[in-house]
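Per-chain residue numbering starts at 1, and chain names A, B, C and D are given in the order in which the chains are listed.
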Amino acid sequence: MTSLYLPILLGTAREGRQSEKAARYILEKAKHQAFETELLDVRDFVSVGRTEAMEHPRAQQWSHIMTRADGLIIVTPEYNHGYPGELKLMIDQIYKEYTNKALAVCGVSSGWTGGVRAVKLLVSVAHTLKMYPIRNALYFPNVEMLFNEDGSIKDPSYEKMTQTMFDDLVWLASALKYKREESH
Amino acid sequence: MTSLYLPILLGTAREGRQSEKAARYILEKAKHQAFETELLDVRDFVSVGRTEAMEHPRAQQWSHIMTRADGLIIVTPEYNHGYPGELKLMIDQIYKEYTNKALAVCGVSSGWTGGVRAVKLLVSVAHTLKMYPIRNALYFPNVEMLFNEDGSIKDPSYEKMTQTMFDDLVWLASALKYKREESH
Amino acid sequence: MTSLYLPILLGTAREGRQSEKAARYILEKAKHQAFETELLDVRDFVSVGRTEAMEHPRAQQWSHIMTRADGLIIVTPEYNHGYPGELKLMIDQIYKEYTNKALAVCGVSSGWTGGVRAVKLLVSVAHTLKMYPIRNALYFPNVEMLFNEDGSIKDPSYEKMTQTMFDDLVWLASALKYKREESH
Amino acid sequence: MTSLYLPILLGTAREGRQSEKAARYILEKAKHQAFETELLDVRDFVSVGRTEAMEHPRAQQWSHIMTRADGLIIVTPEYNHGYPGELKLMIDQIYKEYTNKALAVCGVSSGWTGGVRAVKLLVSVAHTLKMYPIRNALYFPNVEMLFNEDGSIKDPSYEKMTQTMFDDLVWLASALKYKREESH
C-alpha cells in the first residue's frame, strides 16, 4: 500500500480568518507524520453555481485531489452555528470522489464552543457523501488567544490531541484504502 | 399595526434550479393574501467573503429588506443533505436584522424526501439568528414532476397546505411585530 | 393578561446528575422574577411506551402542566452528543399542549462544550412541536466545578446571562400568549 | 477472518409499533446473507438511569453483544422528528463496545419522510460513539401501507435496496474488522 494522502482544507474565505492559524498549525504538525499532505484554500476553488463550477478548471483540480486522497481534514469556523457557504459550495462541486474516504472535521471559534455545532452539520453532510468522520478531530475555541505570533500554539495539550487525531484518521483511512484496493 | 411584509427568498443560484418553480408558486399564492411580499433571488445578493460583502451595495440592500421585514419565507433545495452554500453566504451577510422575526423554511428535492434535512440544518442556523421557524412550511418532493408548464401545481392538496403555512406565519409574525413595536 | 407560568424541567433521571444543580440555580433566580414557575423532575413523569403513558396519571399531570404553561425551561445534560432518553420519553407523552409556547433549552456538560449539541437536537425536536426556542438560554460547561456547596454559582457572569434568558423568554412567551388569547 | 456478526436492533418499545415489520423484513432478508445476525428488541434491554443500568444483567448482555458485534443495524421510527427515548437509553448504557464498528440506521415513518430526521440525529450520536454510519440504509415511509399481512413487502424495489445496504455494511464492517484485528 502506498503512503496515505490526507490533504487539509481551510474552509473559510473571509478576510482576517482565524481558522488559517489552526490549519497552518495542523499542516506543521502533519509534516512529521508518515502520510502525505498539503494545505488547500477554499479561496482557490470556490465559485457559485454547480453547472459552471463542474466545467471550471479549479473544480477539475479539486476532483483530481479528492480522487487521489484517502481522506480529508477540514478546518472550519462556525458562522451562525452553521458551516460557511463557500465551504459547502466547494464540497458540492464533486461527489463520487468522496466515496469511502476518511474525514476529520476540526472546528474553530472566537468563543468557547469550538465550532462543534458547525462540525455536526458537516458530519450530517458527510453522511451522504459516504465519508466517515472520526470523532477525535481538533477543536480550537477562543482562537484569537490560542496562538503565538510565530504560529505555534500556547496550549501544550494540543500536542497529544493532534497526534490522536492523526492516529485515528490514519487508522480509518488505511482500513478504507486497503478495502478499496481489494475491491478493485 | 401596518400590514406585514414577508418576502420570499429563493436560496439557490444553480442553473436549471427547480426550486424557482416552488418559489414562484408561493409568490403567486401570496398575492391573494393580506401581507406584502416579493421574490428575492440569492443570485442578486451573494458574494464571497463577509468583509467585502458588508460594504457591498447588495448586502446593504439585503439589510434594508430584512430591517423592514416581519418574517421570511426561504425556499431551499437540499444539496448533499445540507443547505446551499450561496444561501448561507447571503444569510451570513447581516445579523441584527433577523432578531425576533418569523421564518418559514420550505424544502425542495428531486427525490422523495422534500429537502427536510436541509430544512433542519437551517432551523439550527435560525436558532442563533433569533428567528422563529414555524413547523407548517411547505415541502416539494419529486419537484420535477410536481408542476405544470404554466407554473401551476399538479397536486391539489398544496392549496390547503399553502394557506396553513401563510396562516401560521402571519399568526407568528404579527405576534412578534406587536411585541417589537410595544417594546420600542 | 395573567402572569406567565414558565416551569423548569430537569431532563435527566441519572443518579448523581449534575444538571440538578443548574436547574436549582435557575429556580432560585426565577423566584425573583415576575413569572410563576416550579421545578419538574423527569423522574416523576417518565415511563416507557406511549400507549401506557398516555393513560398514566403522571402523563395526565404533565398534560395539565403544559396546557397551563406559557413556555418551558428545559435543563438537559448531553449524553453522547444527544438528549437523554428519559427526557424524550417525557416530551413524547403529549403533543398539542406545546403549540405556540416559548422554550429555553439550557445545556449542561462535564466538559467544555456546555451541551450545545444536545441543545441543537432538542431545537430540532421543538420545531415540530410548534415551540419556539430562544437563543439566549444558559450553558453550564465544566459543571462539576461551577457550583459552591450551597448551590450558588462561582462565576458571577451568570447573573446577567440568567437575567437575559428570563427577559428573552418572557418577551417571547408574552407575545405568544397575547396572540393565543386574541385568537380564541 | 471469522464471519461478521451484525445484529438488528428494533429501537421502539411502543405498543403497536410499525417498525417491527421493517425490522422483521430486514431479519428475513439477512438470513440469506453471509453474515450472522439476530433481532434485538429494545424492550428487552432498556431501563432508566445509567448507574442502575450498568449493573443490570440486561445491560451486561447488551455489552456482550456489542463487544462481539462488527456492526449494527438500527431500525428506528421518528417520534417528533427525533429518536425514541428508549433507544437512546439503550445506546447510552455502554460506550467502548461501539468503537470502530459499522452502523446502518434505517428510518420508519407513518408519513412520507421515512424518518430521515431521526436518522440524522442518530448519525450525530454515532459520531461520538466512534461508529461509522453508511449512507445506503433503508427508509420505510408510509409504513402502514408497505407490508402484506404475511410480513412481505409490497414494493419490489426494496429487494435491491436491501442488498445494497447489506453490501455496503459488510464492506465497511469487514474493513474495520480487519484493521481492528491487525491492531491487536
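We adopt the following convention: contacts are C-beta pairs under 8 Å (C-beta built on N, C-alpha and C of every residue); 3 or more make two chains touch, one makes a residue touch a chain.
Since the model is a prediction, treat every value here as computed from it, not as a measurement.
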| item | value |
| --- | --- |
| Interface sides of chain B and chain C: same vs different residues, half threshold | same |
| Longest centre-to-centre distance from chain A, chain (CA-based) | C |
| Pair sharing more residue contacts (C-beta pairs) when A-B is set against A-D | A-B |
| Chain A and chain C: spacing of chain centres that average the CA atoms, whole Å | 36 |
| Distance between chain centroids, defined by C-alpha means - chain A, chain D (Å) | 29 |
| Chain A-chain B separation of Cα centroids, rounded to whole Å | 30 |
| Overlap residues in chain D, where contacts from two or more other chains coincide | 81, 117, 120, 124, 127-129 |
| Partner chain C, residues of chain B touching it in the complex | 100, 120, 123-124, 127-130, 132-135, 171-172, 174-176, 178-179, 183 |
| Footprint of chain C on chain D - complex, ascending | 13-16, 43, 46, 48-52, 79-92, 95, 117, 121, 124-125, 127-129 |
| List of chain B residues in touch with chain D within their complex | 81, 112-114, 116-117, 120, 141 |
